[in-house]
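What follows is a set of notes on a single structure, which appears directly below.
So that you can tell them apart, the chains are marked A, B, C, D and E in the order they are listed, and the count of residues begins at 1 in each.
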Amino acid sequence: MALKTERMVLNMGPQHPSTHGVLRLELEIEGELVTKVTPHIGYLHRCFEKHCEAMMYNQVVPYTDRMDYLASMYNNWGYALAVEKLCGIQVPERVEYIRVIMGELQRIASHAVAVGTFGLDIGAWTPFLYLFRDRERILTLFEMTCGARLLYNYIWVGGLSHDIHPDFVRMTREFLESFKPTVTEVNNLLSYNKIFIERTANIGVLPLDTAINYGCTGPTLRGSGLAYDLRRDDTYSIYNKFDFNVITGQGLQGTLGDTWDRYYVRVQEMLESVKIIEQALDQLPAEGDVQSAIPKRIKPPKGHVYTRVENPRGELGYFIISDGNTNPFRVKVRPPSFVHLEIMDDLTRGHLISDIMAILGSIDIVLGEVDR
Amino acid sequence: MKTREEIFEILKAQFPDAVLGIDASLPTEPLISIDPLKIKDICVFLRDSEELKFDSLMLLSGVDDANGTKTKDEQGHDVITGGTLSVYYHLDSVYLKHRVTLKVSAPRENPDVESVSYVWRSADWHEREAFDLLGINFLNHPNLIRILMPYDWEGYPLRKDYKNPEFYLGMKVN
Amino acid sequence: MGLLDKEFSEGNIVIAKVDDLFNWARLSSVWQLGFGLACCAIEMMATSAAHYDFDRFGVIPRNTPRQADAIIISGTVTLKMATRIKRLYEQMPDPKYIISMGSCANSGGPYWEHGYHVLKGVDRVIPVDVYVPGCPPRPEALFEGLLKLQEKIRNESMRKKTV
Amino acid sequence: MYEFLNELLGNQILAMLLTAAVPLVFILLFTLFAVWLERKVSAHMQDRLGPMRVGWHGSLQLIADFLKILQKEAPVSLEADKPLYNFAPVLVFAGSFAAFAAIPFSSKLIGSEIELGLFYILAVSSFMVIGILMAGWSSNNKYSLLGAMRSAAQIVSYEIPTALVVLGMIMLTGTLSLTKISEMQTSSFWNWYILGGPGLSLSKFLLIPFMIIGFIIIYISTLAEVNRTPFDIPEAESELVAGYFTEYPGIKYAMFMLTEYANMFAVSAIVSILFFGGYQSPVGYLGNMLGIHWMIPFEQAFWFISKGLFFVFVQIWLRWTLPRLRVDQLMALCWKYLIPYAFLNLIIIGIISLL
Amino acid sequence: MLMLTEFGKVFIFILLGAIFVTIAIIAAKLVSPNRPTHEKLLTYECGENPVGSPWVKFNIRFYVVALIFLIFDVEVVLLFPWALVYKGFGIFGFLTGIIFLVILGLGMAYEWRKGDLEWARPHPIPPELDKVLSKKE
């Protein structure tokens, strides 16, 4: 009986309040139902790989910051691990612990933004500002150690740029204590809010086998029920010294792998990171020079290496080919957001326009990383 | 959990002509090089075989080997002719927790490589990016168009002998 | 041809008073276009969040260029994005201002040397009023940029410049 | 008010224009205050400070906003349908301002002593739907069209639960005129309809639960009629950029904002008249005690405005805490939950009122 | 002497509302600058050139909702006079109204059953692996 309506092509273009930056979604809609979504990217392509070929190994570190600007500590760490594996540098114990602390603090900050903007897309303004208030406290911690709020250039190849501030440990413990009630606050405001559940349960269901085939990793894959976490399965640095459990979606509010699961995995992961930081702070060795293992000139042998790190968004991989001189021959990055954006077309079949925003918010992409 | 050498043996047994050899001399990760036009069948085998089960493609990266002959054109930019463009495939098995790296090289003039986007869906955009930045042509890819650069951009920026255009749509580039 | 288009003689006292009133109104309610490009957008969000509050100066994000009077170009402007920014700037109603935030928008920033796809500075496409240095500039720097813009609006005048 | 001016000026049209000007001036002042209130309340709810710099605690912020909007250019896009595009704000504001004709601010100050006040208000509120559709369709923009269609469907379907609850109230009060309804709930809050209306009969106590249900239904449906969260789907910033006024710059956008806030007050005024005794003070008048009788209308106006403001505050409060519903959930809520409940409520009130 | 009826007053209210808005728009036009350029007059579509026109045939659902609204609004209009005076006729007056309501309730149940009250609900189709892989662009 329904009369065929004409297809309308709607551009959720580069300037849109909830496309998390400069992403253009070309929707083909019929009334309210979306039949086809084609993401257009490249509006923030800043030629990262061309820069790597023209610069020395340690000059590339500030550029890795600017790729995933919400988790730049992890970008540095991934790159530093790759070059250390290439040159065979062994980093002192204290540096490993500080890197874990910084990485997990960065995960909390990045998840805070992800959960906050997800609430914003659904229409709840206030949790976004509460989470940003706590993120500011993490930024003051980072600012105390390396002087920058957002792009740190802190984890160098073979060590760190600065040692941590004397009362960094005390202030971090204070922050961790004050952060736990915030997560319960977000739970009351958002997670168990009837309208929020109505808007996100059973929406954008990603079955497990499709997720693996699409190469999804991190909270997007764990939301579909597989406990695959690089910190546990492909352990790098000293993550085997801490015990934390890997959160997976259980389909509490709807089918397994829907938007609510991916959101809830991120909220719980913040608490896991708090646990890791507490253990790391207890076992932090007091002495040790953080810059002892930083080589004067990095000239790795000919060869190639691929290392992967558990970025807050998923698996961040660095593939470096070196031909023996001081400039890397080729650096290729595997950004998790680039891979997650591909599933937008298949994931949004048969949804409404308001669900597109919910799904896009739940796979949590950062355009600096997608376009490199 | 299989090491790369065992995987190479299995592949060698399965596809004697397609698998060209293993390059284990490098300090870090041994590399299995494969004939560019047979890559798809090997990948289907890698994904579907019970003992290997490589169900996710971590990374597909195009590399300009720049091993051709370098000549200088009039403005002093060197132009590389001949040589190869190669594509590296990093595969990972989520359940069996082992990884393998494949390498495919194609001539620089008409670099044709079989597309694997019908084996792993994530290869679709990686191949479009390799085409966009390096000009590697993937045969029967769903829609091989530029992804990062503007759709009407000429030249392949990541090639070693790439020269920036002077103007783009009236805007000075550098 | 509205009142704002006309030029008045220098000594016109009434217009001077109206000038100050209109300028005060324009500078104390700058509505920014809610639109961020790259890392500076996160700092812009932090500026309008709880700790540093942009709303104290009357700046609220509006989503359509039709209702915005200032664009804060926060991030790297690539060539593909430049034509869109020019379109957005054109579509804003007339008394409009541009704050170019971050060294990427000022002059191409860290990408000026090898960035084949990066536009070396947004002022090649649209006229910029205030440049805010920094990569990314701190929220306080963005506030200083806004104060500079307010100062600039305060000195605008409808009277003929006789300099 | 009208009689007083009529003797003063003699000419009826002029007197009526002046009496109509009083609610208009009130709406303008109220909108300036309400937008400031919204920005400050939302700020303090979100740990922020809100406008501080422009006057003492941002008091002059809205005057600055209005003056700036006055200076904004108003480009009309080429493909827009010009006559409709320019007429839409006029129709939308005229529709919402007409509702103020029948609302009694105090016993003396009322636009027109129209007999069928409530019926008239329900009729006039669909003026706005035409204006919104006109705005959405004529600005030739996909977002505004989607926003207009959604908001038309929403306002139209939420008028029915409002009408049903109003019907229930009329069965109790027996009159349509708002002044008579307010007069019935005199002397103390004990006689308000939320507590079962005047008198001390058994039906008063039986009515209380159904009055509360009626209040909840009408409050939800009037929220939806005014497009406020959690039903602000037409101008859902995250999806449809700015809903049906995407293409409206400057002063025309200000007219839409003026209409929205005027509607917010009109709706809270109706709810406070029906359930919370309009301009009746809960505790009796100072004027009676001190014997100054000319002061009573002003006291009544004070009570009326404070009740209206309280409900506007609750609307603002809801906006900044609740997420947004989706379109089909919104329609399902109306057709499958509110209307059946309003039906049952109506029948039960009818039975009780017969006792 | 023309007597200003109640509805005359209401008309003046509507007139005043309309006059106020037109005065405000004309005042803004007098003050505000007017510098139209071609790009400024294009429709806004997030910075892109819009593809196709928005004036397309719209979904049938809106007309169905308009019809159902019409039925219920007419019902409410008819019930208003009844609600005012039914007390005078005692129990029988009340019953007549209830019969009217019940018949309309049946009408609503019919629509509910037929599914006219359904809005465009999302029917999510989760991506199956084989369909996804064999997708031709």
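Here is the rule we go by: contacts are C-beta pairs under 8 Å (C-beta built on N, C-alpha and C of every residue); 3 or more make two chains touch, one makes a residue touch a chain.
Just so it is clear, the model here is predicted, and its values are computed rather than measured.
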Least hop count linking subunit A to subunit E through chains in contact: 1
Given subunit B and subunit C, the chains that contact each of them: A, E
Pair joined by more contacting C-beta pairs (D-E or A-B): D-E
Per Cα centroids, the chain farthest from subunit B: D
Rounded Å distance, subunit A centre to subunit C centre (Cα mean): 31
Subunit B and subunit D: spacing of chain centres that average the CA atoms, whole Å: 64
Cα-centroid distance, subunit B relative to subunit E, in whole angstrom: 56
Centre distance in Å when subunit C and subunit E are each reduced to the mean of their C-alpha atoms: 39
Two or more partner chains touched - positions in subunit D: 46-48, 70-75, 142-143, 237, 241, 246-247, 250, 327-328
Residues of subunit B touching at least two other chains: 121, 148-150, 157
For subunit A, residues that touch 2 or more chains besides their own: 8, 13-17, 32, 42, 45, 47, 50, 129-130, 133, 209-210, 213-214, 343, 346, 352, 355
Chain pairs that touch, as defined at the top of this document: A-B, A-C, A-D, A-E, B-C, B-E, C-D, C-E, D-E
Subunit D partner contacts - residues on subunit A that touch it in the complex: 8, 10, 16-18, 32, 119-126, 129-130, 133, 189-190, 193, 195-196, 198-199, 352-357
Complex contacts: residues of subunit E adjacent to subunit C: 29-35, 37, 39-40, 42, 44, 47-48
Contact footprint of subunit E on subunit C as seen in their complex: 1-5, 64-66, 84-88, 90-95
Contacting residues of subunit C [partner subunit A, same complex]: 33-39, 41-43, 45-46, 49-51, 61, 63, 65, 75-76, 78, 80-81, 84, 88, 110-111, 113-118, 135-136, 138
Of all residues in subunit C, those that touch subunit B in their complex: 79-80, 82-83, 112, 115-117, 119-120, 124-125
